[in-house]
Every structure is written in structure tokens, then in C-alpha cells.
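The following pair of complexes shares a single chain, chain A, combined with chain B in the former and chain C in the latter.
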Partner chain A sequence: MARMKFLCDAERCIECNACVTACKNENEVPWGINRRRVVTINDGKPGERSISVACMHCSDAPCMAVCPVDVFYQTDEGVVLHSKDLCIGCGYCFYACPFGAPQFPQVGNFGSRGKMDKCTFCAGGPETDKSDVEFKKYGRNRLAEGKLPLCAEMCSTKALLAGDGDVVSDIYRERVVSRGFGSGAWGWGRAYPGQGA
Partner chain B sequence: MPGRDNANPGRFWSQRVLMRVSICALGALLLLSRPLWRGAEFEARAEESDAAVTASAAKPDAPKDASAPGGQGDLSLRGHGGPVHSIKLNSAKTRALTGSFDYSMMLWDLSARPPKQIRRFDKHDGWVKAVALHRDGRRALSAGGGDVWLWDLATGEALYRFKGHKAEISALALSPDGKWAASASSDRTVRLWNLETRRAGPVLKGHKGPVNAVAFSADGKTVFTAGYDGTIRSWASAGGAFKRILYRHGFGINAMARLPGKKDLLVFGALDGRALVIDARTGERVHRFKALQGPFLAIALQEKPGLLALSGFEKKGGDIVGFIHVFRLGDWAPIEEYENPRGPIWAMDFGAIGATIYYGGKDDRVTVWQVSPRKEFETIAGPMPRRFEVNGTADQGELQFVRKCSLCHTLTSDGGNRAGPTLYRLFGRRAGTLPGYPYSDTLKNADIIWSAETIELLFGLGPSHYLPGTKMPLQKISDPKKREALIAYLKTASDAKSEDSSRKSDETGKDSSKEQ
Partner chain C sequence: MRMISFFLILAGTLVLAGCKDADRPLSYEKGVYAGKADTKLTADQLEALRHRGALQRQ
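Our next item is the complex of A and B:
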């Protein structure tokens, strides 16, 4: 079974935000929530780098560890998903995730956060695969359709890669060899400790 | 330095025997090295300020046995009906305020053995994620959901409810003169509130994400805020004008506090496992603590003898281990470390002039760790996993209850101080009528009798649609079969005759059987 991973090559990202738009459109993510965002470091200065960030579907996901009501689960492919039925909107995952993945719609009653929403690696949720209920709650289940996340599919420079971790790291390794330097695989060390690109 | 060997990950957890031996040795070392950080001022000073709350209180003794529930040596604060998220002690360490997921704040007498609950403040509409004790010792603030509540501690009266935030409040701060309160919210703003005129003050807008921490400068003229956008910002207290971004950390900042003294040094802990001290006047870094693999979650300070504690969690060998690291203020020397096998530590405060730390995690209670002399690691009594973490059960209805309802409701005659009313004898009860429970106006005025049909509607439509204005969180069960199973389970389990059996799947931590 493949182990699904994201990799953003900071040497290639041009901050076009197509991944952000693709995600919002494909999953019909509600207003106020961005499952994916592009972060630019040293904006306008020498050494500027942009990174597309969403849930990294960590090997030892801190969100899973910290949730008081145990809403998270990891699929056989390593994708970290959660049940919105169980989520109480406490925000504990929000304090734990180093990638800023958990999002809250701020529509809960009495100032609660509402149900947590995050990137699903386009793999839906606990509902029946490709059902209407699953789509409404979690967005498109592209993995069940035999496809990969649309954010990576749409990336014009192929900075954002998604898929089998072995394939992704092979592609990245070839790039590093070809261009003679690396260091662009932001977040891999933290998300997948001991499994460097 | 005592305790530092414990910082080596892996060895502590995977080799329990080695750990115990090394901790014993370290404990002995600490005893020998006590003069290094325990000066004359370390001795308890019960006469310190807060006269109003210390008048009748005795100096707390060192804990004897924190693991014996209900015993004389048990210093744990037991009584909340949900995990504890905020803890504040008065400076004499005789009183504690705690805020919990159970929608309440509690006031405790720490000089009693075991500590005694003085009062429960249960009017909040949401989780109490922050509490603050006013310098006059008579008033307190709590953040319940999106509102700030001002309380009279002696009478339990809600003096005022400050409304304005559009989302939950994560942190509270009081100005040094006690006239202003500041609340940081996940609506990306910080609001100032005048406690004398009881009017809303300036709204500090600018953070690009939820604001997680707030503090006043030593002179009260500046407000410092920190949040998910990874920035620490400064604002003028008068008028609320934005001054500047003091520090850009990049990763979200979970906790921040101003250190004692007039220098306006800020300590903060972030999502990326880094904690730093910065000078708020210059924005320059003063000290960087050793980076960890998990996030920092809470900060506690003890002015005398000058201690700083940072808490959070790390993953070690497949387990989630909460930690508390204690440092000496000034030279930042590590003093002690503590690991909590029961998970992250979300809130803490120093007790007994730095000798103990009261902390809250996943449990419904506040636990006490004896910092000095260091208490050996011991198993803490209590059911794990918690009642709401169970996955496997043959009964689908019971599973629905345990995972979705039991965080806030019991099935027994004792409501267990949980956020919601007990479901004991639910069927046939008119909504909003259980004596003693602080219902929302919606429930008080609802013309509903609880039955299979009305419960079906509640979870089919969702509480916020079926009963707009209810305090109940957004819980919807979209699968009709699961709703049916839950209702069938509740019919049996909420019945008086089955109280004994339902108790098994509904740990309340109490055996009270008061009738309601």
C-alpha cells in the first residue's frame, strides 16, 4: 500500500495560488476557510521563498494525539482524516499542528469554533465513499475515484507534489541531483521524521 | 544540573527501570542543591497581598501523597465535569480559580485538606478557556465562549458580562492598576474592557489569525498580543492604536506572558516547539530555550524566588507525553523537568511559592506536581483512556453516547458537574426543567417533551437548528440508523432501573445519588 505524502518544492513555487483556488473550488470549501495557503518567506527580499502549506498528513500526527474526543484516524495510505460528527470544536488540534492545518468556520453557537475543517488529501471522510453526505462534509473523494489531490494536479510548475511518498521522493531526488542543490522540501523532516527526501 | 538527564528522549520512556533509578538519584542531587535556587525568600509568605482572600487561610503545607484520591495528602482539585483548561492561583497560594470544558469556573480553598471547592460559577454559555484573578482579591474574570464575565468571588454574583467578540476567547489579562481587562479571541481581535465604567474599550485589529495570548506592559501603557499568525504585536492601551510588530516567529504562538519586573521581557512558546524570551522594548531576542518536538501550550511564572515553567507535549515512542520544564528567571538555568504520561498539559500555575505546580490536562481535575523537593514519578490514579475516547463496543447506541454525548452528559442522577444536564430519566421530561441546571433561555422557553421523536429531530436537524440559541454544541447525527441506535440505548440507559449498569459506561468520578 502506498504511503501518501505532500511535498512542496520551495525552489519552484511561484506563489500563483492556483493550488489554493483549486482546493476551494474542487471541495466547495465554505467562505472563511482555506484548507491550503501559500506562505512567502522574506517577501521582496533576497532569498524569497514561497511554500504551499496544508495538512501534511504526518506520520505521528500531533492533532490525532491531542484530540480529547479522538475524532482523527489515519487511513491505510497514511492520510489523516477526521469525523465532523464527533468534533466538538475545542481547537486543541489547532494548538498542536505545526503546519496550521486545522481551520474553524467561526459559526459555532456562543462563540465556539464550530466543526474543524482541514485538507483531506482529497480523500473524503468516514462517510460512504463518493456519497453526497461525504462531499458536503469533507469535499471530493478523488482518491476513491483513482485520482490525486487537485492542488498538486493543478500546480503549473510542479512545485507541489502529491502521491505515493516513494515516487514523490524519487522525483524530488532527481531534481536535487539535476540542479545541484536541495533544501526545498519544506516540512518533510517534521511531518515524516526519519524518512528524509 | 538536576533533572537535565531526563531531557534525553527515548531513555525516559522506553526504559522505565532506568528512569526510576535516575530520578531517585536526581531527586537526591536536587535535595543537595536546593540552596542553588531556594533562597530565604523561598519560604512561604502567607502574609503576601491578597488580604481579602488570605484573611482566614492557613499556609499550605508541602504535598504528601498526590496519588491518593480524596485523602488528606491529595492536593488534586476534583469537581470539574470536563478537562481543565485554565488555572490561576492567588499570590498567597491559598485560593485557585479553574476554568473547564464543563462551562464553569470554580474557586478552591487550597489550605483545606483535601482542597475544598468554595464556589462554582456556571452561567457561561461555552468553555471557560481563561480565568484571571483581580488584584483586589475580591473579583475575578472568566472567558466563557465569546464573553468576558466579571464575578464577585464572595457572593458568586455575576457583576457584568462583556459582550463583543464574535468567537471564543483564548486568553485574558488585567492591567497592573486593575482598571482594564484585555481578552484575546479567535475572531482575530483583542478587546479592552474598562472594569470601572464597565464599558467596552478599544478593539485591537490587525492579527491575521486567531489571537492566543495577551499581556500588559509593566506600566500598563502598552498591550502585547501574540497569535496564530506567528507575530507579537504592541498596541497603545489608551486608544488601542497599533504600534508595531515586535517579533515575527513564523509559526503560531500558543502562549505568551510578561516576566515579572519593569523590563517588559516577554516569554512565549510556539507550535514549532520553540520558546523564546524577547525584550519588548527592542524586539531583540534575549534567550532561546532548547527546541522540542512538540508544541508549547502554557506558561507559569513565580516572581519569588523567580521561576518560569513551560508546558506542552511531545510524542515519545508512540505515546503522547505532556511535559513541564522549570527554569530560573534571569539566567534561564533549567531547574526541573516533569513528564506526564496522561497527555498534554494545557494549563498550569505555581503553588506554594514555587514548590508545587498545579496543572490541567485531559482529566477532569487539576493535578499537583511537587517541584521541590522533586517528587518521584508515580502513576496517577484515574481511568484512561477517558470515557469519551472509547472506540470498541458491541452496542452502536452506546458507542454513539460515549463518543458524542458523554463529554457533557451523565446518565445517572448525579449530573457530575458536566456542561450539560444529566440524561437520567430523560424520556418524558419537559425540556429546560431539570432543577439546578443553568439552561439557556431557549431551553427554558421551549415547549418540548423529550421523547424518541424529539430526540430524533434534535440530532436529525442539529441542536442549533432545532433549538436556536441552545448552549449545546453543533452535534448532528446524519445516519438515521445511528440516531435510532442512540435513542434505543438512551431509552434503557437513562431509565432509573438501569442506573447501575449505565454507570459502567459513564464514569462520573462520583457516587453521589442526589435526587433531582
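Our next item is the complex of A and C:
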């Protein structure tokens, strides 16, 4: 199996925010924490584009590189997970992450930071699979149930894809070919100028 | 005086006994995860995930 990956198709995302809601509901994410969010550019103008962003489970994750207490680990499927028992809430991972994925709950009246929380690809954490402790700390472990992250599974336009990188790329490649105007991926033109949209 | 000393020593012992950071690694090797090990997915679970991934094709 290839690495688990998310891919958001900007041509299909309609900024409904259902992925955000599904994530919060499925994982009972606390108030003030957003593991996933929808980002829109050129809102209300020509060229408006939206994509759903969360932890991208990077192959060479910057959060892992900067963490002073090594709370992160990667599963065999390439999902970047962390241990809340080890986290000291320093916030280095938040500065390192290019997607703003790490979130910190407020734990005191003076704004002190709690343990880091982020998207787990619905894979829970290091606690026993499908246990109450795992659910309370990290949310639902859908991968152990043979299910993909809920944000992607319930996306009405199938803009947000998740799963085995080979499968996801096959699906996206088929879409690109059938559209006939290039990838349509947000940022493609900037990354590869002069090579289509 | 002896009584006060006794209670001071007792209080000190109790306070120091609370200075324990249970289940937390206190020495780190850079880049090595020292927490609990995660459970690996079985072949059946991976097959189910691959199948569900393909269902997104629409």
C-alpha cells in the first residue's frame, strides 16, 4: 500500500464546509479547535477557488523535525500521528507547519496552551485501537474500522479525496483527462508556469 | 524543638515524594519517538481501505 494522502480538487470544492463540520462531529473536537478548514481565495470575484485544508501528513514532516520532545511518529501507511502524553504544548510545530494544522486548546483563563491537537487522518493515536481513551484524546479511529476519514467520505462533490495515494492519484488523473484543460489544481500554474492551468 | 524538626522533615519528605513525573521520558534521543507504540493495521483492514478509496471515483 502507498502512503495515505488527502487531495482537494479545487474545481469541485463548493465551500460548503461540510468536511469541517463532519470532522468536528465525528471526533468531538473541542470548542475553538479546527482540525480542518476551508480556505477561499478571490472570494466573490472571478477566479474564486476554495480548498479544504488540514494536516497533509507530509512525507518529510516539518513538525516532526522541529518537535523538541519527539511526540510525532509515522505509521506504516504514512499517517503522521502524535502522542498527547509527551506533548509539552510549546507550539514549535505550529510555526513549522506550512498548513497551520497544529491546534492548541486554551487550558487556562490566561490563554495558556494545552496539548497540541491536529488531524489524525481518523487514525486515532498510540492508545489501544477503538478504546475510550483513544477517542477522548485523539478522536475516532476509522482506519481501524476499515473506513477512510469522514471529511472525505461524506464530501458531496467528491472534491476532497482521501486514501491510498495510488488510488487517489488515479481518480484525479482520470478527472484531469476528462476535463481536458490541465490539472485545475490550485497553484499549478504558479508552480509550472506555461504548462496549462 | 524536636517536634518541629520532626514535622519539618516529614513535610519535606512528603513534598519531595510528589516530585515525580510519571510515565514521561526524561532523557531524549533526537528524532526518536519515545511514546507508546501504535497498533498496526491488518491486511484485511488495508484491503477494506483500498476498496473504500476506489468508491470515491464518481
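To be clear about the criterion, the second predicted complex is superposed on the first by the 175 of 197 C-alpha atoms of A that agree within 3 Å, B and C clash if a C-alpha of one lies under 4 Å from a C-alpha of the other, contacts with A are read in each partner's own complex, and residues count from 1 in each chain.
Quick note on the criterion: a residue touches a chain if its C-beta (ideal position, glycine included) is under 8 Å from a C-beta of that chain, and two chains touch if they have at least 3 such contacts.
The shown structure was predicted, so the numbers you read here are calculated from the model rather than taken from an experiment.
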Quiz item: Which term applies to chain B and chain C once both are placed on chain A by superposition, clash or fit?
Solution: clash
Quiz item: Counting only touches as set out at the top, which of chain B and chain C does A:V133 meet: first, second, both, neither?
Solution: first
Exercise. Once the structures are superposed on A, label A:F104 by its partner contacts, choosing first (chain B), second (chain C), both or neither.
Key: first
Exercise. Would you check which partner chain A:G114 touches, where first means chain B only, second means chain C only, and both and neither mean what they say?
Key: first
Quiz item: Counting only touches as set out at the top, which of chain B and chain C does A:P62 meet: first, second, both, neither?
Solution: first
Quiz item: Which holds for A:R179: it touches chain B only (first), chain C only (second), both, or neither?
Solution: neither
Exercise. For A:C90, decide between first (touching chain B), second (touching chain C), both and neither.
Key: first
Quiz item: So which chain B segment collides with chain C once the two are superposed: 382-390, 436-444, 490-498 or 508-516?
Solution: 382-390
Quiz item: Do chain B and chain C land on any of the same chain A residues, and which?
Solution: 68-70, 85-86, 127
Quiz prompt | Residue ranges of chain B touching chain A (in the complex, touch as defined) | solution = 83, 101, 125-127, 145-147, 165-169, 185-187, 209-210, 212, 228, 250-252, 254, 271-273, 293-295, 297, 313, 315, 318, 320, 343-344, 346, 362, 385-386, 388-389, 391, 403-404, 407, 464, 469-478
Exercise. Within their complex, state which residues of chain A touch chain C.
Key: 1, 68-73, 75-77, 81, 83, 85-86, 125-129, 143-144, 146-148, 152-153, 158, 161-164, 167-168, 170-171, 174
Quiz prompt | Interfacial residue positions of chain A with respect to chain B in the complex | solution = 41, 60, 62, 65-66, 68-70, 85-86, 88-92, 94-98, 100, 104, 106, 108-115, 127, 133, 190, 193
Quiz item: For chain C, which residues count as touching chain A in their complex?
Solution: 23-25, 28, 30-41, 44-46, 48-50, 52-54, 56-58
